[in-house]
Amino acid sequence: MGISRGKRILMQGMSAAVAMGGVAFSWSAAPTFAATPVTLTVSTWDSGAGLAAYRLGIQAFERMHPNVRVQIQSVPSTYYLPKLLTEMANGSAPDLMLVGDTNVNAFVNSGLLENLTPLFRQHKYGLNAAAYYPNVLNIGKVGGQQYFVPKDWADESVIYNKAMFQAAKLPLPKPGWTMAQFVHDAVAMTKFKNGRVVQWGVQLPGTWLRAGLEYFVDAYGGHIISPNGRTVNGYLNSPATLRAIEFYVGLYTHHNQISPTPQAMSGTFAKVDLLLTHRVAMEPTGPWNISTYRSDPHLNFGVAPMPVGPTHKPMTTAFWAGWGVYKNSPHLQLANELLAFFASQKWASIDSAWAMPALKGPTVAQMEKKDPVMKTFFAQAPYVQPLDVTRTRNWNKDVSPVLTNLIQQAVLQPKSNIPALVHAAVQQIDASLAQSYQ
Amino acid sequence: MQAGAAEATPGRATRSRSLRAQRETLFYVLISPWIIGFLAFVFGPMMYSGYLSLTKWNLLAPPQFIGMGNYQQLLHDPLFWQSLKVTTIYAVVSVPLGLAFALFLAVLLNQRVRGLSVFRTILYLPSVVSGVAVSVVFMWVFNPSFGIVNSILGYFGIKGPGWIESPTWALPAMILMSLWSVGGAMIIFLAGLQNVPPELHEAAQMDGAGMWRRFFRVTIPLLTPTILFNLILSIINQFQIFTQAYVMTNGGPLNATLFYVFYLWQNAFQYLNMGYAAAMAWILFLIVLVVTVAVFATSRKWVFYQGGE
Amino acid sequence: MQTRADVAMKAVTYVLLIICSAGMLLPLLWMVSSALKPNYEVFQFPPQWIPSPVQWSNFPRALNFVPFLQFFWNTILIAVGSLVGSLISNIMVGYAFARLEARGKNVLFYVMLSTLMLPYAVTMIPQYAIFSQLHWVNTFWPLIVPAYFGNPFFIFLLRQFFLGIPRELEDAAAIDGAGVFTTIWRIILPLSWPAIIVVCIFQIQATWNDLLGPLLYLNKESLFTLQLGLQYFVGQYTGGWNLLMAASTVILIPVLVMFYFGQRLFIKGIIVGGVKG
């Protein structure tokens, strides 16, 4: 009969299929760690060459803890949060997780992270707040409590093409140079051919808020959001902040194309460092591409601190990520020890080949001695500003999209009334904040 | 759907009933893999997302039930309407355009010319490339001053627009880009064309039908099942366009490419607003379902199955 | 005998094919050319199409940058494992929807299609929870097993092709006493060969290009797939764009070769079909 015959073939088919899958599985399961009692998982968005530091670090940690294996969970940055949040929602987050500054507040608020303040107070596992650059460590605090330990950090400085300064007969930028000089130099080094830009004076960060608008707001002595994170009224529309926004937008609209537009920076040039194309004289950014600049035999570059604003104080903005410990970790104590390892000189010395350690001490001293470029970056540590983003619960939802839109609109329509745009933005953000704090 | 030909054979009532029961059992046996998989891996998550759409959930703390709150809020969210508008325009233009282009390429590739395998592979190639490389490549293709598109336009004396850097032209750029990867639909059409028996063409030719007449009277009718498939699938897929916005435009400039699922994704994983995202998902689900059912309803008039339905 | 019109047709076909191919290839040429440049030259503009000097060493560097061979094998395993399941389940279910009558069939068909309409972003977390309960995280199971339960896309595709096959052939077989699996094997499959090839190509390619699945379920590097390996080139302290382009180019090749040989079988499909029909 058709059916019984059908069933038999079906069963055969299914069992063959399962067998195939089984073969696939047993091949894949070759490297097992079944013999080891404890596995800690560490999640990070670093990948590729950046993982080499982790591997070395973990080897060192595993030597100190022979019964522990550490597994790195490396997720590309675009998918980092989706995966981490999926795991957290599932109650199976990594024991130690890297969190970016814009998410610090939300993660702390969830109550899913271990409060590290007592560990620091008791100097447990060698944790010592005094060993850090204070402003860099403080970014990991919410409500005065320490929840994150910086993995490493970076600050914003102006990287410039020396040859272009020399060709324009301009003095190289020095610490203490002003916004006016910055604009003057940018205009002087912007070159046209047949009405088309062939060289920009500067690659401004466009709608990258941290490196762009946020720095200028700091430099004008303003703020974006209240200390309790519940309103932007009286902050985003304060005179200082308003002037900073007008200045930043004006860099695009008052001068003739001294920088690629914000649209270009999030379009064609989104993945491009224009210094490497020899088409731009200055770029306010972090130190990530230094080694690539050095690989270009034709690029002679230098570094200067960010230009100072009307406050006349040297300032910089920090690029930051910190380690937090998952409170529901089944191995909380070991997770804390691993965190402490990432806060040790040993880790700093390993990581220093790729990044700027947040821990002061011999490693940094050596880097500063060896490399004048990195020395300039480290020298800005005392001027790192607290970040407004850690003040509020949901910066990414309530604040960031509105500011991005504000910049795009003000630049695309150069005649727009900026105070009116800011006023509208304040209304919109406050309505959204009210929901988040409901 | 009508009863199968085999069942139409006259016979005693009882025999035909048991035969029908057998056939029904056979049907359920054959589709059992899908039913089991659906119940095990798909149904639960779908229902759960329906529940989530009635909650406020930041993925970190437990969800809070808020009834229809998310749906009400959506009605007053300008970005929701913007994303719906952008996505609808995109789908309405790119679905027919993409299908026409895919069919055109498939017909070209079904001719008897030399080097056919190479041409097929080249035209399919773009749908194989994926990931970051594509987005980087297309940012350069669409560069206003030196990108490939504007260079070609410039050759004909046309000054090209700002494409992905312009709020007006970013969406057309996305549509243009979607044409680049029609390889999937193309290859399905090509497979469908293999089912057109050459004898029918020869017979039509004998009757004096010209090339176009043969195409519309012989090829197209036999291809309608494939057209229906590509149409439905491209509606479902284009309404869910996501990656281009995620890796290329970030929804900009000025929300010109704020595609629906991209805004949904932002709500879910960047704004920590999963309940809201779930509500958006179910609205999209209903829209696409209605469109699909409508297309199926009309398909009875224009889709022709050689084997009968 | 070729008429003049036939020759003209051929010429037009060639011209159109060449224009379309050029349009499709241009963006990819930039990718390949970038793969042969030093990193600092990748974004030079106006773009330099022919790199000077040509840096062939990018390819070995890219391939040594990550354990490529391991990732390649992992991907092949997942691809083969899910291909087998996909073929078995989709042909069965597709045939049932095309040829068998049963109450609730229409509703089930719409339910099946509708599962494609809900964005993955909102079912991702509960689905992860299921696989996590099964202890399938960090194994290939979540990437292989679902293929054994059919995929609405393929089921619908096959249904459409099966419906295009004249019924008389099956009726003849049924009279000869053939069961349903014999019918599928002897009659349906040979006649829908091109569709089966399409399913194979798409299934393998889907595995090849899947990023989100492996990304969610695989943590151990020893289990990584090629797409996860590609992500190693994107990021802060990475090898660079030239290496990414080189790696992306290399990853293309196996799928292209598969496609090249797969589509050649289309023609064989007609012959078999022609003889039987």
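For reference, chains read A, B and C in written order, and residue numbers begin at 1 within each chain.
As a convention for this text, contacts are C-beta pairs under 8 Å (C-beta built on N, C-alpha and C of every residue); 3 or more make two chains touch, one makes a residue touch a chain.
Small disclaimer: the values here were computed from a predicted structure and weren't measured.
Colleague: Is the way these chains touch best called a line, a ring, a star, complete, or other?
Modeller: complete
Colleague: When the contacting C-beta pairs are counted for B-C and for A-C, which pair yields the higher total?
Modeller: B-C
Colleague: Between chain A and chain C, what's the gap in Å when you average each chain's C-alpha atoms?
Modeller: From the centre of chain A to the centre of chain C is 36 Å.
Colleague: Can you give the whole-Å distance between the Cα centres of chain B and chain C?
Modeller: Averaging C-alpha atoms per chain gives centres 16 Å apart.
Colleague: At least two partner chains per residue is the criterion; list those residues in chain C.
Modeller: 45, 88, 92, 125, 148, 180, 211, 231, 234, 241
Colleague: Multi-chain contacts in chain B: which residues touch at least two other chains?
Modeller: 26, 30, 33, 59, 136, 140, 143, 265, 268-269
Colleague: Which parts of chain A, given as residue numbers and ranges, touch two or more other chains?
Modeller: Only 2, 6, 10, 14, 82, 85-86, 89, 271 qualify.
Colleague: Provide the residue numbers of chain A that touch chain B in the complex, in ascending order.
Modeller: 2-3, 6-7, 10, 14, 78, 81-82, 85-86, 88-89, 106-107, 109-112, 196, 207, 261-264, 266-271, 394, 396-397, 404-405, 408-409, 412
Colleague: Of all residues in chain C, which touch chain B in the complex?
Modeller: Chain C reaches chain B through residues 9-10, 13-14, 16-17, 20-21, 24-28, 30-31, 45-47, 88-89, 92-93, 95-103, 105-106, 108, 110-119, 121-123, 125-127, 130, 146, 148-150, 152-153, 155-157, 160-167, 171, 174, 180, 192-195, 197-198, 201-202, 205, 208-209, 211, 227, 230-231, 234, 241, 244-245, 248, 252, 255-256, 259-260, 263-264, 266, 269-270, 273-274, 277.
Colleague: What residues of chain A sit close enough to touch chain C in their complex?
Modeller: Against chain C, chain A makes touches at 1-2, 5-6, 9-10, 13-14, 16-18, 20-21, 24-25, 27-31, 41, 45-51, 71-77, 79, 82-83, 85-87, 89-90, 92, 271-274, 276-279, 288, 292-293, 295-296, 299, 354-355.
Colleague: Once bound in the complex, which stretches of chain B touch chain A?
Modeller: Residues 22, 25-26, 29-30, 33, 58-61, 136, 139-140, 142-145, 147, 162-167, 246-250, 252-255, 265, 267-273 of chain B touch chain A in their complex.
Colleague: Help me check something: in the complex, which residues belonging to chain C touch chain A?
Modeller: For chain C paired with chain A, touching residues are 38-40, 43-45, 65-66, 74, 77-78, 80-81, 84-85, 88, 92, 124-125, 128-129, 132, 137, 139-141, 144-145, 148, 179-181, 211-212, 215-216, 219-223, 231-241.
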